[in-house]
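Quick heads-up: structures coming right below.
The two complexes that follow have chain A in common; it is paired with chain B in the first and with chain C in the second.
Let's look at the complex of A and B:
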């Protein structure tokens, strides 16, 4: 990103995104017109139950949908370009720099037979600007600070001399890798770079994966269920790290989670998804205090309350919709106690009912 | 346990394997009355019946089998493996074996290089272009490879590249045999030819190797391509491949750096065992192409029930198989850092 943005500017906009999967059992209508806006430097949490389309939304965004999926309609606007129309190679180049993602399970998403160093270095060496800038600011006998480099990514615009020898690339990449690992609070970087994923603990592996994403100095940082595979104390550490990093990394964060407490703790705004749609978007404070959509209301009632632990939790009646043959109209209507005639006919679109509070429901 | 401790343990086990193999083969080759007379190399037509009796007594061939085994064992310890039958001109078995062995090594190396350099790329192409035209072509080649009998394919090669090519007046490849060796330094004919600068010989030897190598590798490259395809498809579904793609790495890097190293483990097993079995000599192929290796010799020796040579051959072959398996296990540790011994 070359220009400075205001906090309220939209960096990424997803409009009416529809994605289908072709399976032997039929067409799975995974995304049914997703609308989503990501503002500059904010943390937006995308919450919803399994199978509601959170991950498909992200896969479409980074251009890595499985081969049996196709985008029917919709747009994904990033920096004025529609990502849906980009070629595979253009998407690949975007992933090297603008879009960085961290996945759920740090055990299976790191290559077991390559060292952390190899897997981090391959990211660093793809970005020639980064190498040149690192050489420019490095001082002998002093550790590189990666936050300085993140700041440079925004300001520097003039073309640089991009010729670096192979040996020089290797040397500066080593220093950069160590700097990035220390940014994610991993100690003893030299040793970790030489280690294989199985030699690290779950939390360390997740930090390493975050490091691989941050190394790209992304403008959009996507965290896909990054705490799900970790145990609770490690979860807390990783969330703490994310909070610390949020001012340093200069990126807008899209956070996918099915854990409402994680969303409440880290996000500025929350978007609730149900059955392939975004049904409600609000700031996290507002959403927890006054949810509008019946699904969101019932979802919040299903969270155990620590101050009143004996009361029986309320469950949402019915089951998750069948995505091959979903209910017509609003996909939540068979489970909704406020359902009206209109709900079964046409899908309600998101509309702003209060300032900054959008909901897709005919009640409002 | 350290890697070298593991290797030493496996080598100690090798001793027991060799003992067992020697007992088994000894009884199989000498334990039947109507088999080959083990004293045949020590007698000639001019000897009288009494003289023959004496020879049999002198060599202990009239003793019970287990005593004979200990005599044989003692002689082997002194480096005497006995004489070959008429097929080997009555020369000492070990001399015949080690004169021929380098030729088998050459053939095994060439065939293995061919197998790896064709089989692995075929498997990769198949997996990456799964269910598309390149995959179908590569699978047909693989299927043809492992369902073709090697002797038949050998004859076919001879027919086309020697017979028809010379009929049509095209430059043709020799159908059989090997050039005679000029000088011996290391024992390997091609290497010796290079060391002495005898390039004419090197070329001649190489040309003779082409058809038998192709014939041998055709079977195994089919198997290898299949294995690589299957394990590559499995690896390409893994999460870390998604991760590698999400980093924006080029597809080439994703496949060769992230996928291949994980997919190669089964291929290494197959290649190791294939190479080892080739070192034991491809009997039929060596026979079809009159290649003067140990496989051809073993076939001749078996035809005459020559226990001395068969025992030597079996023990060397057993050693090779055990060492090859060990080498494969050690290779695992380098391919997959999680494997520790």
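Let's look at the complex of A and C:
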């Protein structure tokens, strides 16, 4: 791979991010200092139960926080820029080029009255560079290969002739759409382009969403619970697709999931979130072998495992903390069996205990 | 081995509490001005099985396979089109009012969504009292309160929770209340319809533990419906796999996970994500989607997605055939155990 960036380079860094929501009942302290690094071309899974702040982290990252939320503190650094300071318009442009996101329910994000082809063409024609490059590499009577275009995204720097006739745009856009659909392994592309979202099954819709995200050749691909609404066999298909795509697409992937097994199957590294904090980050192999944080340890014992069945699961006592009035110090301390004095006073920050294994806990 | 012998002995002595025979639930599709029936959604299309005393029968399947409709038909919450459901010998679809009254006490259901199944305007105390009143199990108010307390303690809640409203509880606690309500009148058989799919993993574990404890204490029989194959493995003794309104395989838990005989079961098992990143799993992918239950494929309903489909599979629908307690509906006898085992040894 002729890439300027190194595999270990950080593409995206979130530093001490704090986000509050204003509600009638009071301030909801949703994020309490999230630290996270996404390295180049890796798949990082953000795992946690509902209410732990994984979705809010993503919303802040893509600049789509609701009106009643405010960022109190922290930085999100992408390519040397702090995304927190960007305007809405700048964030919109960023979302069309660098940040691509796929959400849980494709039906709410696809327009029900437009065909898949129309929606995909809209995305493709927005990127003039892509059209020019596609015309440059296309060969008559041969299918376009979208992976070639992804590789070109980084290398091509020379100014291009951006004048393409409308007819030409239309023609090349059609070919591009078919190429993208075949990238996500959708068969019979010509027919699917003419279909409406309701005519596709859940798995196919999700593939179409992934296609739309990848059409922009993003540098960061965010998959927010993309398999949660799908059946296991379809989930397996989509996860398999993601694994295949990871070498083809030139992007770092941030995967949000509540399912530890899904994270185990796909991610290189896993970040565990609890109560608005990242409490542990490690490579997925290390995390499953030897989790350090008491929450991560208990969470792993709470999932039924088919390979090592136990007659009793270990439940975590208590409930997820109330975010309006969260426990002081470490937010896990009321449920933690190792809780000490220090835990109730000051929030532990992430620190590197072993190489590449970070934990936010006073035990280490 | 020993447990196997005991179970066959018991089968001779006692009849199974629930026996379902060729149950069908078809929903008509109506169209036009005169609402003519133009077809049927065959949600449950000829299902036969029995549940043994004190066991947990897991029912798994993808969405649209008819798991929930099956549960509702057993309870007569939807009218079955054909077939028999016998509970303690009484045919539920044809039972009279008096028989239904006792059946409703013995057979209870716990629904998936505890946010929808509890009346938001009633306190826990009145929710439970209402159920007791309907079943006529208590005589006075004080007796009702006493019994409610006992039930709440049994499901891991306390006196302080008695006068609270459902919105004051977390999802896990609400599901506990739903369990308490199901146990109001000496229930013997509980249908658990995805009881933990709305809950987080840490809470799910405690609810599953509670259900296991209750089964032991109160000698309950469970039918556990879920799409989560790891949960069903944890909870069940036997597992039934449904596909498009039919049971394609039914066997002992370990048999079905280690030695599945039906290609669908095999591929379903292979699709389960394993919480172990080091597991060297074979990539066995099931192609395509579940067909619509309106146009069920001829012959074996799995054949369009089946790698092993033969000419016969396209024409003749296979019956569910038993061999040593292992029911399979497949024409080809394929042994997947070798493939399943290679997956296992690679993990170890």
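The rule we apply is simple: the second predicted complex is superposed on the first by the 357 of 364 C-alpha atoms of A that agree within 3 Å, B and C clash if a C-alpha of one lies under 4 Å from a C-alpha of the other, contacts with A are read in each partner's own complex, and residues count from 1 in each chain.
Everything that follows uses one rule, which is that a contact is a pair of C-beta atoms (placed from the backbone, for glycine too) under 8 Å apart; a residue touches a chain by one contact, two chains touch by 3 or more.
Here the structure is a predicted model, which means the values were calculated and not measured.
Partners chain B and chain C, brought together by superposition on chain A, fit side by side with no clash. Residue contacts after overlaying the shared chain place A:299 against chain C, while chain B stays out of touching range. Of the two partner chains placed around the shared chain by superposition, chain C is the only one that A:234 touches, whereas chain B remains out of contact. Which of chain B and chain C touches more residues of chain A: that partner is C. Once the two complexes are laid over each other on the shared chain, residue contacts for A:196 go to chain B alone; chain C is not touched.
After overlaying the two complexes on the shared chain, residue contacts for A:110 are found with chain B alone; chain C is out of touch. Rounded to the nearest 10, the superposed model shows the Cα centres of chain B and chain C diverging by 80 degrees about the centre of chain A. Once the two complexes are laid over each other on the shared chain, residue contacts for A:123 go to chain B alone; chain C is not touched.
After overlaying the two complexes on the shared chain, residue contacts for A:218 are found with neither chain B nor chain C. In the superposition on chain A, contact of A:276 is made with neither chain B nor chain C.
Superposing the two structures on chain A brings chain B to within 8 Å of chain C, judged by their nearest Cα atoms. Taken together, the two structures place no residue of chain A in contact with chain B in one case and with chain C in the other. The residues of chain B lying in touch with chain A in their complex are 238-240, 242-250, 253, 257-258, 261-262, 335-338. Residue ranges on chain C touching chain A, taken from their complex, read 62-63, 170, 172-173, 200-206, 208-209, 212, 227, 229-231, 233-234, 257, 267-268, 270-279, 281, 283, 285-286, 289-290, 344, 347.
Residues of chain A that touch chain C in their complex: 49-50, 201-204, 231-237, 239-240, 258-262, 264-265, 267, 284-285, 288-289, 298-300, 302-307, 309, 311-316, 319-320. Against chain B, the residues of chain A that register as touching in their complex are 62, 64, 92-97, 100-101, 103, 105, 108-114, 118, 122-123, 126, 196, 198, 209, 212, 216.
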